[in-house]
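Shared chain: subunit A. Partners: subunit B in the first complex, subunit C in the second.
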Partner chain A sequence: MNDDVAPRRPELVCPAGTPASLRTAVDAGADTVYCGLQNATNARNFPGLNFSPEELRKSVDYAHARGRKVLLAVNTFPPAGQFQLWKDAVGIAASAGVDAIIVADMGVAAYASREYPQLRLHLSVQAGASSPEAIRFHCEEFGIRRVVLPRILTVAEIADVHRQIPCEIEAFVFGNIGMMAEGRCSLTNYVTGISTNMDGVCSPAADVRYEEDADGTLTTRLGSFVIDQYRCGENGGYPTICKGRYGCSVQSEPYYAFEEPRSLNLSALLPDLMRAGVTALKIEGRQRSRAYVKSVVAAFRLAVDGIMAGEEPALTDLIALTEGHKETQGAFQSKSWR
Partner chain B sequence: MFASPAASDRPWPLPLLRFLPLPLLQPILTLIGTQVAKTQPDVFLRLGPHALKSFIIDPTDLPFVLVLKPKPEAPSLSAWRRDNAPYSHARIAGTFLDLFDLIDGSLDGDALFFSRKLRVTGDTEAIVALRNALDDVDGGVVESITKAFGPLAPVATITVSHLRRLGGRGKNHE
Partner chain C sequence: MSGARTELTLGPNLFNWAPERWRDFYFRIADEAPVAVVYLGETICSKRAPLFSDYYEAVSERLGAAGKTVVHSTLGETASRIDRRLVSDVCERTADLIEANDASAALFLRGRPHYIGPLMNVYNEETLRFLASKGAQNICLPIELPFAAACVLCAVAASEKVMIEVQVFGRQSLALSARCYHARAHGRTRDTCRFVCENDPDGLVLTTLERTPFLVANGVQTLSYEYLNLVQEIPALKAAGVVRYRLSPHSCDMVQVATTFRSVLDGTLATGEALARLEELPIDAPFSNGFHHGRPGHGWTVPNTNVRS
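Presenting the complex of A and B:
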């Protein structure tokens, strides 16, 4: 990365699963907060989470009164015959006055751009658009103004994409990370019949069971499948298939067939990302608590402000909040990550 | 299943609760349930169908568990000896202070779970819904509850602060 290029001040985009979380994110220094409605139109359709239309409206008012923005994720794929729910979500977003909606499905993007031409559109990571050709197509056809890049590109590749597309780039910098192609993973669907991409939930809680035996070994199940077994004292992770340990005939011990449970943390790469032309830095975690939101948003606010002031980035230790208490820079640093 | 920490690890008032007759706790627990129902009705909306379920809140360093039935029209919270607790749909276990801070919105439930300090069994969907509902209370449920003590609210607030200090925590430890 060329160190001579001055970093651009990025927008800090932060998660909120509830109105209280949104207020926490705003108060902790978020420039923008993203959230979802209480249905399958967003990819964090978890019990007890998300916003009613009235809560969304009040939350937009709260953020706007403080000069911050709110984005609504409408980033799942409507099943055949059920498009009305997604149309309604776009209408709710427009009437609430959100600053943009985050879409993945081309039909939803086409509907929103046609019916609400004043509504800014961002392309969700769930669209899996990683090539300049794919991104340009969405920009030209639907007026997409920003792309949230899949977490499969190095910083150098992001800079290269930036030079070839007509829209802004938003890049994840912290939180849950999966190596599965976003918007195309069907592992949960295979096991539970519920679709991550259409129902908006990976490893639905209704199908998750935890059992701890007398020795302190924790067994995690999704449906009828054992996802993992953690020994007493061993750190745990999310009950997702892609991060489970499995036995097979050629391995003596159960092993991580896809990836280890760990979280993305790009705090050390922030200056490079900012020089690469990234407009917005995104923190994952709408399913997490206010305590998580407060800690992570405050840490990244401090780091970004420090970099812009020409200081060494202040990197707060966030390891306690990471999955399995492990961090990675994923593919952003090197393609050798698995 | 859930081992209790050594008595020396606990803030000093907690071991004394071993000798507390549980019926003496009930008026306070009833007051807490009533106060949450009165001041935080959105919690029950967020729970949805899970409001009709029952939860065991198990502070592993105390000699009793709490049974929560968050039925909107008549929420109840009651104390039971661990061995005599009634059937519940879900169980959430951890140290008193970890559960206290979790309910108060000061600790992240996922992080506690990753570190194995929080144990959950039973209906996972109901537990997730409860966690998310409680996390949507500005200022935390504990602050809301202390107000229920009327003229004794300052005493309740001081007691809560004292417990946090003894546990090596402050309100801003998150």
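Presenting the complex of A and C:
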């Protein structure tokens, strides 16, 4: 990384699962908040989460009155015959005055760019555009203004991508990290019949089981399949297939075949990311509580402002908020992750 | 539509077979398998592509001479420099038709006739129309798309002069990653893998803590343990207007698989009898058909009919 390049002030993009969380994020220092509607048009379609059209309109007003932005995720893949719901979502976003919509499906992108040419489009991580060529295709065909990069690139690769694309970059810095290429994972559907791409749900709560036996061993299941087991007193994670423990013929003991249950925390790499040409830093977690949103947003606000003032980022408190209190820099640090 | 022409296709080989085995497999397909289209090309890992490049031309010529259409299928997950070079080389230098498996290939192929692979997300009529306007002639649907949505797409595809293809046999691709799970199982990384994926001609089975076979690792790809088998759904797919039926290569007798499916498409073999024949193959996993029925993809809907298409 070239240390001669001064870090640029990035936009801090924060999650909101409810209108109250949106206000909390804005008050804690988010530059931009992203959210979704209460249906399958977004990739966090969980019960009790997300916004009605009226709530979205009021939330946009709240953010705009304070000089902040709101993005609406319309980032799932409409199955043929059900496209109208996604058209409606784009229309609701436009009439609520959101600052951009985040899209993944080429059909949704084509529709939005054709029918709402004034509406700013961001390319969702769900589009899985992981190369400059894939990103350029979306920019040239749909007028994409910003790409949310998949969590599989190193900081050096992000800098390289930045030099080869005609749009801004948004990069994940904190929260849940999926092991699979986003927008191309059917593992949940394989087990539960609910599709991450079409229904907007990964590991649906209705299919999750926690079973404790007489010894206090906790078994977690998704559908009928065991995902992991924890000894008495161990901190058990929410069962997702790509963070489960499995056996295979070349391992003597069950192992985390894909990845251990850990969260992404790139706070130590913030200065590098800011030099790599990243316009916006994204925090994952629309499903998380207001208290969580408040802590994480406030910590990152302090860190970003500190770096811009020439200080070292101090984010040690964040580890308490990571999954199982374990964190990783994932692919971002080096290629050995792969 | 049930009287329309139907074609069997052989999807790209997803696994890392020894080069001679790879070559001999396709020579036999050329000589004996009733498939109209054969997809070549490495779709999983750019590191594997050079391994069989010495035999590529001979295989492509033999298939062409046997009257098969050869289509070069591109990489599914494109991120590194070698990935990107592989995709641009294929798109700019290959004389064969090309099937795009990600948007980077679509960048090179727009404006000329090409195919769209199942690793591209074509879920709906808007995406289909957009890609048709860019030159797509054939679209293989995503593995998880339920039949009801496929029916809608078939109707739109007919008016857009696009052929719809559906995978009907073989392990189902469930996920791609930047990380190699074969290398990880052997305590290595993708850069230091020493091609350990060559040990598993049908992938490396992962079992749950209850020892239930669950998933299959194939390099950066995760597949289903079960083999997709839509032989009993062929009459419905034909009636809906599906033109092409994809068999995904495995180490079992693919000529036998192709012959069985061809007989069902021709209406000379009833679905129940075809299923019985396929069950006799030495495949070490059950069949599944759940995604087609809008149910969990690992599941199997028990056939209760024995019909001719």
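The rule is short, and it goes like this: the second predicted complex is superposed on the first by the 329 of 338 C-alpha atoms of A that agree within 3 Å, B and C clash if a C-alpha of one lies under 4 Å from a C-alpha of the other, contacts with A are read in each partner's own complex, and residues count from 1 in each chain.
We adopt the following convention: a contact is a pair of C-beta atoms (placed from the backbone, for glycine too) under 8 Å apart; a residue touches a chain by one contact, two chains touch by 3 or more.
Treat the numbers as computed from the prediction; the structure is a model and nothing was measured.
*Asks:* Between subunit B and subunit C, positioned on subunit A by superposition, is the outcome a clash or a fit?
*Replies:* Pair status: fit.
*Asks:* Subunit A residues in contact: does subunit B have more, or subunit C?
*Replies:* Looking at subunit A, the partner in contact with more of its residues is C.
*Asks:* Mind working out whether A:S113 is in touch with subunit B, subunit C, both or neither, as first, second, both or neither?
*Replies:* Neither subunit B nor subunit C is touched by A:S113.
*Asks:* Just checking: does A:N39 make contact with subunit B only, subunit C only, both, or neither of them? Give me first, second, both or neither.
*Replies:* A:N39 contacts neither subunit B nor subunit C.
*Asks:* If we overlay the two complexes on their shared chain A, which of subunit B and subunit C does A:R288 touch? Say first, second, both or neither.
*Replies:* A:R288 sits against subunit B, while subunit C stays out of touch.
*Asks:* Mind checking the angle subunit B, subunit A, subunit C on Cα centres after superposing, to the nearest 10 degrees?
*Replies:* About 120 degrees, rounded to the nearest 10.
*Asks:* Applying the document's definition of touch, where does A:S130 land relative to subunit B and subunit C: first, second, both, or neither?
*Replies:* Touch status of A:S130: second partner only.
*Asks:* In Å, how small is the closest CA gap from subunit B to subunit C once the two complexes are overlaid?
*Replies:* 18
*Asks:* Would you please give the residues of subunit A that touch subunit B in one complex and also touch subunit C in the other complex?
*Replies:* In the superposed arrangement, which is not itself an observed complex, subunit A uses no residue for both subunit B and subunit C.
*Asks:* Quick check: in the complex, which residue numbers of subunit A touch subunit B?
*Replies:* The touching residues are 17-21, 23, 46-49, 204-206, 208-212, 214, 218, 230, 232-238, 287-292, 294-295, 320-325.
*Asks:* What part of subunit B is in contact with subunit A in the complex they form?
*Replies:* 1, 46-48, 50, 105-111, 113-116, 119-121, 124-133, 135-138, 174
*Asks:* For a test of understanding, state which residues of subunit C touch subunit A in their complex under the given definition.
*Replies:* Residues in contact with subunit A: 76-80, 83-84, 87-88, 102-104, 106-108, 110, 119, 121, 123-131, 134, 142-146, 148-150, 152-153, 156, 172-181, 184-186, 189-191, 204-212, 214-215, 217, 222, 224, 290-291, 294-298.
*Asks:* Enumerate the contact residues on subunit A facing subunit C in the complex.
*Replies:* Residues of subunit A touching subunit C: 77-83, 104-108, 110-111, 127-134, 136-138, 140-141, 150, 152-153, 157, 179-181, 183-187, 189-193, 195, 197-198, 219, 223, 225-229, 241-242, 244-251, 254-255, 257-259, 331, 335-338.
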